[in-house]
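What follows is a group of structures, each given as structure tokens.
The two complexes that follow have chain A in common; it is paired with chain B in the first and with chain C in the second.
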Partner chain A sequence: MKGRNSGQIRIIEAFLAIFIVFSAVAVSANLTTKSASSTSNGLEAIGMQALLQLDFDGSLAAYIAAGNWSGLRETLNLLLPAGVVFNLTVYDSQMRQVNMETVSNGAFNSQEIALVKYVCTSQSPVFRVYVVYLYLAVAK
Partner chain B sequence: MKTAKRFRANCSGQLLIVAALAIAILIASTSIYVYELTTEKQGVESSSLVELALAVKAGVRNAVISALANITNGGSKTILTENLDALADAYMRLHPQQPCHIRYTLLNGSGYMGGVKITWSEGLGVSSAYILYTLKILGPASSMTINDAVNITTALMVEGYYTIGENETIKTVNLTCKLFNEEKPAHAKNLTIYYMDDSGAWARVNSPSITDWGNGTYSLRFTIVLVSDVVHVSVRMVDARKILVVANVTCIQTG
Partner chain C sequence: MPAISIDTFFACSLMVLLVLSAMTVTAKILQPLISTSTNVEAAQRLSEVARRMLLYAGKPADWGRDELMVPEEFGLAEVGEASPYALDIDKVSRLNSKNIYGLSYAQIFTGLKTPDLSFRIEIKPVFDVRLKLTATSEGSDETTYTFEAATERDDGIQVPTVLRAYVLAESLQRAYEIQNKDGKTSFNVTIPRSLENRAILVVFAKFTYNSRIVSYTVYSFAQSSEKSAFVRLSPLNHTLTLTPTSANIVLENVYAIAHNGVWRLTQNGNVFSIPALVDPCPTVLVVFGLNATQPFVEWAAYPQVPLQVGVDFANLLSLSDVYAYTQLVSIGFGIYKCTILLGGPKT
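And now, the complex of A and B:
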């Protein structure tokens, strides 16, 4: 009986081996995805916090209303950690682009790009709603 | 040949144990991995929901400040609802996959009418707006409901007296003004003083002496020619948020 079953055990072993190899491949592929998405989430959080900090006292809308793009670029450079590349685009409430000048601190050479969408409002008596798209990547 | 067969037969039990162990390890590691992934995903999602809630709060605050600045400078009270509607609309359009509903209530009562209170009276002027709002964020895995309120208040306290010299009609008025934003000392962006002249009309005081103590307190001094025994003064201050507040004071002679 035992002798007859040994062939079946070999087949089970082979299946197990195949299963282990495939599951290892699947898990390692998932691990790569996981680390990439956590980098992206980290960048999103950093970008969101920078915009929140700027918006809390109305500075963000003030920069946009004044068309002070160089000032906004410098401020974001200070608020974001070194090694983070950003590109900012501002739209009005009708989604027409407001900034005709590029607000960026460098070119993106990373495949991991995070996008933060932010609704910015002005404190001035004439109320304005802007939609800010902030693209972020880690410089390489 | 016989020995090899016997060896295989003897080892089949051990093989089963090894296979069982391998399966157990696989199941355990898969369970741990899935649990970790779930925990991390939930953490990331809840932190992004919190950030979104903070962004909405900043937006609501800005909308109320803008409306109050507009109303105190002669604008219509409906501007408050217009601003809040514009903000809610922008959020609805920006996050279609993560609907973000903002519902607000304008406070009525405690001196507020339609969310706005403007009492510019003797000794104290208050320009304030108060709204209660509910924010509902529907995420793919979890949702969040927040009930919060935004209160924007600019208050001005004024005290004053006057002194006279040899000529009784020439009066030197001394005022102390304290400006507050949400009960904290605030800086004034613009300041104008008026006094009631002998004809009963408000006249603007030109180039008063202003001392800024840096803590929201301002000492004002000016000289006017007035026959009346009391000096009615009106101080108009605009804070850094462009919200106007007015307070009146009746000064009597001291010293």
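And now, the complex of A and C:
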């Protein structure tokens, strides 16, 4: 009886093996989900480029010190590629928000938002430190 | 044959079949992930190569200034500049093939030290100035030209600017300042009829909200406006070298025009000294001369942008993987857009 059933047991083993193998396949399939970090890294680089260029001659701190938020918004809008939405917030050294006006070119409707943190200093006789938070997303 | 043997054979066959099919399915599922990681690694490598071109000054570091020097290692960064992505005005000018001291593709390729990569470098202003002649009206001794000027990015977004237009014909005729709040405007220029065939219009556009973002364009009223037909202009190290294309060429006046004004350059043979201007605009260099008795006018910008050098990848996309790296750069006091395309073997 025992010997006669051993073939059937192997069939059960085979089905168990199928189950294990396909479980492994199902788990490995989840590994192929696209990494979101590459998109946000690109946005961070783009945002950093724009801030670096604006800080080259102290323009960035000059916009902030003068409260020229529309100028800063228009300049970022020109330097950033089309289809990139941004929102910029400026804090002082005590992390109090400096800009009371929104510096943005649209609403965020993407789940992938990149953040660029940038510290700049004013070149005027009064030394001031500003912390700039630039949020970026791809417009959909 | 006993039943147990048939069952065992059947079970073993089933297992082998299913293991093989599972391996096939797994391989198909994982293949995109494997190739994606390969692509990411290749893109990272090409990105680093492109960044090195912009952040490294090359060897020797001052290769741009010496017209005969070919860099052992290629890099465009300005020496001693505290800010990253500041490019040397002379190294950039030597990328332009119209400059007689320009580097060849082979010289750049050798200096790049990446034998498996072909490349293309494009540098241009952040936005373009487009001029369109819309009307002319002839007076008794003057002609009035009406132009439509548009300042816009490549994607068509219009850019508010302040325009400064200069009309030259042997000497400065007129300067105009035009507000261009919507990115599109029209204006008139008037030229004496006797000077029409050798007049030139140079228009600078400064972005309203940031004076470092500038662009320019040149419009020639002359009938024959083929560039470099009579003389080649090669600005380098704040000097302009003129190379006539024939022995009949007689040089008359040479001017440097910037947003702030016009300067007449002093001659020393065929070499002219360019004033070091604290102006973010490119300096437009204009040469008036005679080819036997025929008047001509030629121009070039310093830095010599816009420029394109290298391989045209438009027809090679099926043969190689092309990576595009776009970066905002500073040249002199101005901000420009630099795109580096790198093509490697198809993966």
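We adopt the following convention: the second predicted complex is superposed on the first by the 105 of 140 C-alpha atoms of A that agree within 3 Å, B and C clash if a C-alpha of one lies under 4 Å from a C-alpha of the other, contacts with A are read in each partner's own complex, and residues count from 1 in each chain.
One rule holds for everything that comes next: contacts are C-beta pairs under 8 Å (C-beta built on N, C-alpha and C of every residue); 3 or more make two chains touch, one makes a residue touch a chain.
The model shown is predicted, which means the values in this text are computed figures rather than measured ones.
**Student:** Quick check for you: in the superposed arrangement, does A:V129 touch first (chain B), second (chain C), both or neither?
**Tutor:** The first partner, chain B, only.
**Student:** Which partner chains sit in contact with A:F22 here, chain B, chain C, both or neither? Use first/second/both/neither.
**Tutor:** Only chain C is touched by A:F22; chain B is not.
**Student:** Mind working out whether A:S59 is in touch with chain B, chain C, both or neither, as first, second, both or neither?
**Tutor:** Only chain C is touched by A:S59; chain B is not.
**Student:** Looking at the overlay, what does A:E13 touch: chain B (first), chain C (second), both, or neither?
**Tutor:** After superposition on chain A, A:E13 lies in contact with both partners, chain B and chain C.
**Student:** Just to be sure I read the superposition right, which of the two partners does A:Q97 touch: chain B = first, chain C = second, or both, or neither?
**Tutor:** neither
**Student:** So in the superposed three-chain picture, is A:T75 touching just chain B, just chain C, both, or none of them (first/second/both/neither)?
**Tutor:** A:T75 sits against chain C, while chain B stays out of touch.
**Student:** Mind working out whether A:N109 is in touch with chain B, chain C, both or neither, as first, second, both or neither?
**Tutor:** neither
**Student:** Touching A:A50 in the superposition: chain B (first), chain C (second), both, neither?
**Tutor:** After superposing on A, A:A50 lies in contact with chain C but is clear of chain B.
**Student:** Starting from the residues of chain A touching chain B, keep only those that also touch chain C in the other complex, and list them.
**Tutor:** 3, 6, 13, 34, 38, 49, 52, 55-56.
**Student:** Note which residues of chain A are touching chain C in the complex, please.
**Tutor:** Those in contact with chain C are residues 3-4, 6-8, 10-11, 13-14, 17-18, 21-22, 24-25, 28-29, 31-32, 34, 38, 49-50, 52-57, 59, 68, 70-72, 74-75, 78-79, 81-82.
**Student:** Which residues of chain C touch chain A in the complex?
**Tutor:** 3-8, 10-12, 14-15, 18-19, 22, 25-26, 29-30, 32-33, 36, 40, 83-86, 126-127, 153, 155, 157, 159-160, 207-210, 212-213, 326-328, 330, 333, 335
**Student:** For chain A, which residues count as touching chain B in their complex?
**Tutor:** Against chain B, the touching part of chain A is residues 2-3, 5-6, 9, 12-13, 16, 19-20, 23, 27, 30, 34, 38, 41, 44-45, 48-49, 51-52, 55-56, 58, 61, 93, 117-127, 129, 131.
**Student:** Which part of chain B faces chain A closely enough to touch in the complex?
**Tutor:** Touch list, chain B to chain A: 5, 8-9, 12, 15-16, 19, 22-23, 26, 29-30, 33, 37, 40, 44, 47-48, 51, 54-55, 58-59, 61-63, 65-67, 69-70, 73, 75, 79, 82-83, 86-87, 89-91, 94-95, 241-242.
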